[in-house]
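The following pair of complexes shares a single chain, chain A, combined with chain B in the former and chain C in the latter.
After this line comes the complex of A and B, so read on.
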């Protein structure tokens, strides 16, 4: 286990290096961040002073190494636009994104697993067909459509806050998070239901389930304990990846709901070529993703004793 | 490349829609065809009367939405959102009313010396910052130097570029503004490196605000987020980024009339096309007391809100125009530019694209400057396709010749530019190379040596003077280079140059008397627009707002199109 984690740690550092380099180079495609973007020309002296302030007058390799050096101290620098500490921008938004991602995952695992198990156990029944039809529908409708429809028709009614609303109207976090989380969860729930159904059907055919039934265990124990645990493996893989993606910020959904997470932060940063913010969000997403895939691998061993990590 | 062609395809699609719309709405305009209209037809929504002053009853919270500003600290407040907040937190030396009239603010009076190279501002006595610190000459010097320092890398400090010692601060060789003397606390003496009889107008810019000693350097983030100023309102807690800003009345304000409102709540909404819609939605659902409107909803909103007195309409500081490249074929001669101008049916496009809300322009200096405005100084801003054809013939702009016409995408300019392009095709038989590009590229293409044809443009003045329309856009100095093979570095991207015009502007800058100076500006406009048509005026800028006048009195649009927060009262 120790060597496994160590090996994965080294891999993570490599992934991070490659990711920062790629994003660093890619941001140059965004063009000069200090070029004029309004009707009035930014005087050349002002552009030069800005470049000097942000170190863009130095050669590219120096810029990259400086950035890496600062990153080691968790210093993400200041942003081009508002000149705020990027780390404080992350601190404001990342907790919101984590909250949103966790609630979304909770919703989609609950719906997905229950629907998948029912569909598998009651194969070819009305419920099975219903799950198949609904999941096809959910996978087919783009997330932004669901988001816009929810903002248009559900926001403002019952416990769901209005968009836009005055910032002084205090809304409990769960009220704010429910609709965007549901928007994100729908498509994942559909995938999970299908994965769960397929893998459950396969497990139910296996020898040890027959053995368990032969032992005289109740159907509830057979399904709930023996079959469920093993058929969760594809679901865990999927949830791990999905959580990683959600924690990297749900750009479209967060923007539609004006939800102050890192996805929304990234969307705005891309709009104004705000490179320090873009890089920081990417670094954080990569870190989270690497960490999560490690957790998922460890979970495999826990769920299926036949899997060895080392 | 791919995105370019996609943009073009989208442009064409929009163009088609617009043209169909024009044909449809144009039917009612048929009778006008061929007959010159005077440019001042009934097209354009009328301005609404100012809300009459109501005896001030203090109280109330005024709520509206803004896009997240870049900064609300005067050292770097720049776009209208940031400037709105900063102007309410800080009181500068002078103030400007809704009609561009200058009046005393933190200064009681200002006097230039003989050649306008030195200015003395007499400050109001006993005014303080929100934290009780006195506002004296040193506070102004401190604020100006804080913004001018190289390390501040301010985007707006260039407004101080006439002040002696400014360049040294920008290069980092000095840490004080040599031209600013605060020796006497009640008197600020400013020496200019370049004499300017209108210098005092510049001091209305927020970058000229005073700051208290607690402000520290420009990178003091706690001050950036909660600036302590000397204005009618003060911060009520720090700026909550991407959420909101709350202001409350400054009770000890003595630099002018105290504000009536208890508080101002500014909710931050996402930028882009959705911002205006969010403001409007918020007004309709009662979240906001003030809102802009999406253009497609103008007519509908006007008909429902105007009868209730909740509709504000005001001609403001700005002009929309076409920028012709006057040194390259085909627009390097006056008849060619006049032909283009006469071929555009401004009234029909206003009707077809802007629902009649855009007022056709007949001058370049807009009517927001009533003394300087010269109705009809553009003699060819009417629609006269016959004369346009004759002039085009004379200029060699024969049917089939090619003309470039570029606009920037994503700014809502697709429809009307498409309509203009179509009219140039229909009325002059030109082969219009019509092209939408991102804004950054549009500027680059305008600046490039050898640029030709027409570019979509708009302008609003930084300082409330007609000179700020003429000098930066049309003076020879504002080209920034004398070499035609080098890109333009100033705002005169059409490379117009006329010594007689330059001479008049120089004379104006050296003229102390307002009326005499205005006369000179008018003569200059007669040359650049009346005679040379160096820009092709299209529409005057006009702003529309919804305001909750049931609950609030004195709600008006100020010179920068913002609500007059300091005057608002509760009914």
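After this line comes the complex of A and C, so read on.
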């Protein structure tokens, strides 16, 4: 196990290096942030000073290595727009995104696993049909549309803050997190319910479940211990990937609700080609994803010992 | 026991392994499928089971309508979807404009019909591209293991490490606006999931009895992958791919919502919504953002229904149990 984690750790660092390189190269195609645009004419001297200030006058490999060196000290540079430390912008928005992701995952795993197990155990019953129809609807109606409809009809009523929001008005975190979390959770809950139902049905047909029943174990033990644990593998993978994506910033949902997380930060950075912020947000989401991927793999092996680690 | 190759005159990719035609050892839910018999033509069989699902048939009907609309729609709509009329913006539905006009005075119905075409082209191309990539690489990784597994899985790690939209945004911004950059960007960041699914399946199936049996009678790796692993593993991947058509339709709309991807003057669904954002909470102007939203919903829902029907029709393990 130890060597496995060590090896995956080294792999994770490599993934991170390649990913940062990719994002670093790709963002350079976004154009020169200090060039004259439209009516805004920037004198060449000012352009040169700006480039020197942000280190853009150096060759690309030097820039990349400098960036990596600073990254080790969690220094993401200074943003082009407000000339603030990018790390402080991240420190401001990342907790919000983590909160949103965790609340959303909590909602969707709870709904998804319960609904999936019920649907599989009581196959062809009213509940199964209900879960199937609801999950079909939930998967069919995109998060994007749910978000828009919730902003159009629900935001501003009861405890939910009005969108567009004013960030000078402080709102308790649970008030602003609920609508976007619910928006994000719906589709994942539906997918988890389906995955759970499908793998549960498959597991319930297997020999070891028959054996468990033949031994005279109670239905509760058979379902709760034998069947559920073995059906969780696809769910664990799904939740791992989903959490990774959510922690990387639910860019559309955060933008629709103007939720002050890294997704909305990224959306704004892309609008005005704020390269340091773009790179920082993507690097952070990649980092989070790589760590989660490692955790998922370990859990995967724990849940299904047949899968070899080495 | 008949070796699969004896009945192997049908394409393996239909997802119905010959093993499934044999009686399943009486489990609780599955009723016996009767004595061994020759399948009555794989596609016919799938279609027979698909047809039984009413919702899936409704989905298929809508998909058919969407596809026909995508092909001939823009030639039969009353207005040009690009024609702006700044003197008649945000008009409510009327006999002249069935669904009213958008914020630029374009006929909403014609704009939505154009949107169907765009969504279909992007979704089908993207999914086809990512499916080919994902299935091939996933099968190789799962079956061969070792170095190829490591190489392919680390590559998926890199691609999966970028959330779909974030990755697509970066690539589209780098490649410039247009339909093809969107297709390539979305495929590039969506093949990895089907590769992982495929690999997981192949990994589990590699240890299964029938693969062992096939190996024991001298079947080569290539044959085992194509004849035994693929048919048994493809169903969830294929269903995933079908479901992801909806994801791509939404991703296209999301990109336009953020103001990148297809050029801003193109009446794309997400663009139609984003230009109406200031009317979100305005009474009487609901049709501005609700009609493109409904168009997205109907499309994704229809494909989700078809994916469902396909899943049930393709899944050999559920055979005879439905």
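The working rule: the second predicted complex is superposed on the first by the 293 of 310 C-alpha atoms of A that agree within 3 Å, B and C clash if a C-alpha of one lies under 4 Å from a C-alpha of the other, contacts with A are read in each partner's own complex, and residues count from 1 in each chain.
Everything that follows uses one rule, which is that contacts are C-beta pairs under 8 Å (C-beta built on N, C-alpha and C of every residue); 3 or more make two chains touch, one makes a residue touch a chain.
Small disclaimer: the values here were computed from a predicted structure and weren't measured.
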Should A:53 be classified as contacting the first partner (chain B), the second (chain C), both, or neither? first
Does the superposition put A:139 against chain B (first), chain C (second), both, or neither? second
Applying the touch criterion given at the start, work out whether A:255 contacts chain B, chain C, both or neither, answering first, second, both or neither. both
Looking at A:42, would you say it contacts chain B, chain C, both, or neither? Reply first, second, both or neither. first
Is A:82 contacted by the first partner chain B, the second partner chain C, both or neither? first
Touching A:170, do we find chain B (first), chain C (second), both, or neither? neither
Which of the two, chain B or chain C, is in touch with more residues of chain A? C
With both complexes superposed on chain A, which partner does A:271 reach: first (chain B), second (chain C), both or neither? both
Should A:157 be classified as contacting the first partner (chain B), the second (chain C), both, or neither? neither
So in the superposed three-chain picture, is A:210 touching just chain B, just chain C, both, or none of them (first/second/both/neither)? second
After superposition on chain A, the chain A residues reached by both chain B and chain C are 156, 255, 271
Chain B touches which residues of chain A in the complex? 31-32, 35-46, 49-50, 52-53, 81-85, 89, 92, 156, 162, 164-168, 255, 258, 260, 264, 268, 271
Where on chain B does chain A make contact in their complex? 63, 65, 68, 70-71, 76, 79, 150-151, 153-155, 157-158, 170, 219, 221, 224, 240-244, 246, 265, 267-272, 278, 281-282, 285, 287-288, 439-440, 443, 447, 457-460, 462, 472, 489-491, 493
Given the complex, residues on chain A that touch chain C span 11, 14-15, 18-19, 22-23, 26-27, 29-30, 123, 132, 136-137, 139-145, 148-149, 151-152, 155-156, 163, 198, 201-202, 204-206, 210, 234, 237, 241, 244-245, 248-249, 251-252, 255, 266-267, 270-271, 278, 281-282, 285-286, 289-290, 293, 306-307
Looking at the complex, which residues from chain C come into contact with chain A? 27-30, 55, 154, 157-158, 160-166, 169-171, 173-175, 193, 196, 200, 203-204, 207, 236, 243, 246, 249-250, 253-254, 257-260, 270, 273, 280-281, 286, 289-290, 293, 296-297, 300-305, 308, 317-318
